[in-house]
Amino acid sequence: MAIAVEFQDVVKRFPGAGYNALDHVNLKIEEGELLTILGTSGCGKTTLIKLINRIHEADEGNIYLSGTNIKDIEPITLRRGIGYVIQQIGLFPHMTIYDNIATVPRILKWDKDKINQRVTELLEMVNLPPEEFKDRYPGQLSGGQQQRIGLIRALAANPKIMLLDEPFGAIDAINRSNLQDELLKIHRQSRKTFVFVTHDITEAMKLGTKVLIMDQGKIQQYGTPGEIIEKPANAFVESLISSGHVDTNYVRNGEGI
Amino acid sequence: MIAYFLKYYDRLFLALLEHVEIVLFTLVISILLASVITILIYRNETLGNLIVQIFGAVYSIPSLALFALLIPITGLGEKTAILVLVLYNQFLLIRNFLAGLENVNPSIVEAAYGMGMSNIQVLTKIQIPLAAPLIIAGIRLSTISTIGIATIAATINAGGLGNLLFDGMRTMNTYKILWGTIFCAVIAFLADDALKRIEDFIQKKVGVKK
Amino acid sequence: MTRLGEYFATHWMDYIWNILRHLEISAISVAFAMIIAIPLGILSTRCHIVEKISVKFWGMLRIIPSVAILIVCIPIIGTGIVPAVVALTILAIPPILINTTQAFKQLPESIVEAAVGMGMNPREVFFQIKVPLAFPIVFTGIRTAIVEVVASATLAAYIGAGGLGEIILTGLGLMRNDLLWLGGITVAVVSLGTGYLLNCIYKQATKYQRV
């Protein structure tokens, strides 16, 4: 199985903090996985994904994207090949939905017809009729709709890997559930590698083909949802599972990748 | 420079006094007028917006032009100046007075009415005190504006510090110009500073820190 | 009324010239002010010291009566267009500067983060995201500056720069009410007209906020 992302002994320190944000992290993420990263605030999960698209730089160690050391790739080029979705969504309010989605394709100088086609198919994929939505502005959409656009905007240029930083954190419970289902659908259809940060254990178990549990900059356990529930690696993981309300009906298990 | 001051300080201070006189007189009339208008219209939002827009249009007309329009009717001198200044101030004052009243938390006003207070009681005991910061801010803005425009009024024989500036310009007397400017700057700063302190003080008392 | 007719017959070229001169001085001053104030405003958002000094300095200048600033330039620069433009530029800078600083400061961080994360280079982020989003507030500052400058430009006539104040001054000098009214009304129309135009531009550019 090809490795999409690899962390080799990565350390990240922030000035003024008592402990390392990431403490000698070693990790291999396979292509096509939906990896959910779970932990409480300050555990290093957001820092980890921000190292992948070089918003932060690692202090020690190396990170490889499909075998290439990311230090050898120009950050801006790197980011254009990665889909990035954040909690506050960050849609550009002064641009139409069409322009928002078309942002990276335009930067990559796709031709107009290709962009048109891509925007249409993406909007259809998330059940937002293109004719109705492409000329609207973000201000006219509900929170759930906005985050759907945020998702497909990140998919627009067909990146090989998607980074999502608590993307549904600001959405209400009902919409969150719908969005999670949509994400599962998108993942199955696109077969891309997804790295998804969350502090919600139910979400982590529902979405992840693999789950990474972190605390204080160190990896606590890395395995399928099933493995983690049945064989917690240490006391921390155990208390995490028992404290959360993990509904075993909603645990992603053994999907052929 | 200093020598000029020592020689002519009486004229300098006379101009200053005239200026302060005009400003104070204008402010008193402006505030009274604006208050009356505000009380008459504050309960009607559309009317309020309309009045503010009309005075806004007046405000955007340059002072010299407004002087020019009124001189044929009211003649040269202080009277015209004060009339124009009062008109200009209406925009700044009414806009801020209304904004102040509007910004009072509606639930507080509702509670007051619910307790059985009359219109006047709600206005005087609740709305005006809570609107005080914006009200004072409006007064501050109109004070600075009045001090500024009153300098121009010198050209229509209204007296004041503007005389120092214009005479100085006509006679190419640099000292006169400089002292005129210094006096203008000083009273502007003093007024602005004093009113800012009052504004801050009221804000603390009313508990609405910006 | 006939005197007005006479005036027009002989002086209509001066009239037009004065209107154009008035607009010319205003436009040049605001243009200079924008060239100085906008970069300074953006710089202020990146450097705290610059911000503190700018705000204090220009804040002070706003309080001083504009006439004083206009006339105090004379001993230093002389009479005519140059001191008028200098004084009007000084007048126009504060609102543009303060608004530019505020506009760039209040840009939502998440939007900039999304743009950077998507792989936009700093130039693209600045011109495609930051500038359009800062535009409404910056424009309001420019609009305030234009209104103030058009108003104060009437005074430019006093220092020999021409403009619509010229007509009013002549009226005052010759005690001619008709000229006073002509000057007064023309200036009023120019001010209100400019204000209205600017308002229309503003509404067009910020359509997306009112959907």
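Order of writing sets the labels: A, B and C. Residues in every chain begin at 1.
Just so it is clear, a residue touches a chain if its C-beta (ideal position, glycine included) is under 8 Å from a C-beta of that chain, and two chains touch if they have at least 3 such contacts.
Since this is a predicted model, take the numbers as computed values, not measurements.
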Which of line, ring, star, complete or other matches the graph of chains that touch?
-> line
Innermost chain, taking as reference the mean of every protein Cα atom displayed | C
If every chain is reduced to the average of its C-alpha atoms, which one ends up farthest from chain C?
-> A
Chain A to chain C: how many Å between their CA centres?
-> 48
If you average the CA atoms of chain B and of chain C, how far apart do the two points sit, in angstrom?
-> 22
Could you state the distance in Å from the CA-based centre of chain A to that of chain B?
-> 57
Chain C-touching residues of chain B, taken from the complex the two chains share | 57, 60-69, 71-72, 144, 147-149, 151-152, 155-156, 162, 165-166, 168-169, 172, 174, 177-178, 180-181, 184-185, 188-189, 192
Any idea which chain A residues touch chain C in the complex?
-> 53, 55, 76-82, 84, 86-94, 103-104, 107, 136-137, 139-140, 150, 153-154, 163
Residue ranges of chain C touching chain B (in the complex, touch as defined) = 60, 63-69, 71-72, 74-75, 147, 150-155, 158-159, 164-165, 168, 171-172, 177, 180-181, 183-185, 187-188, 191-192, 195
Residue set of chain C touching chain A in the complex reads 108, 110-111, 113-121, 124, 129, 132-133, 208-209, 211
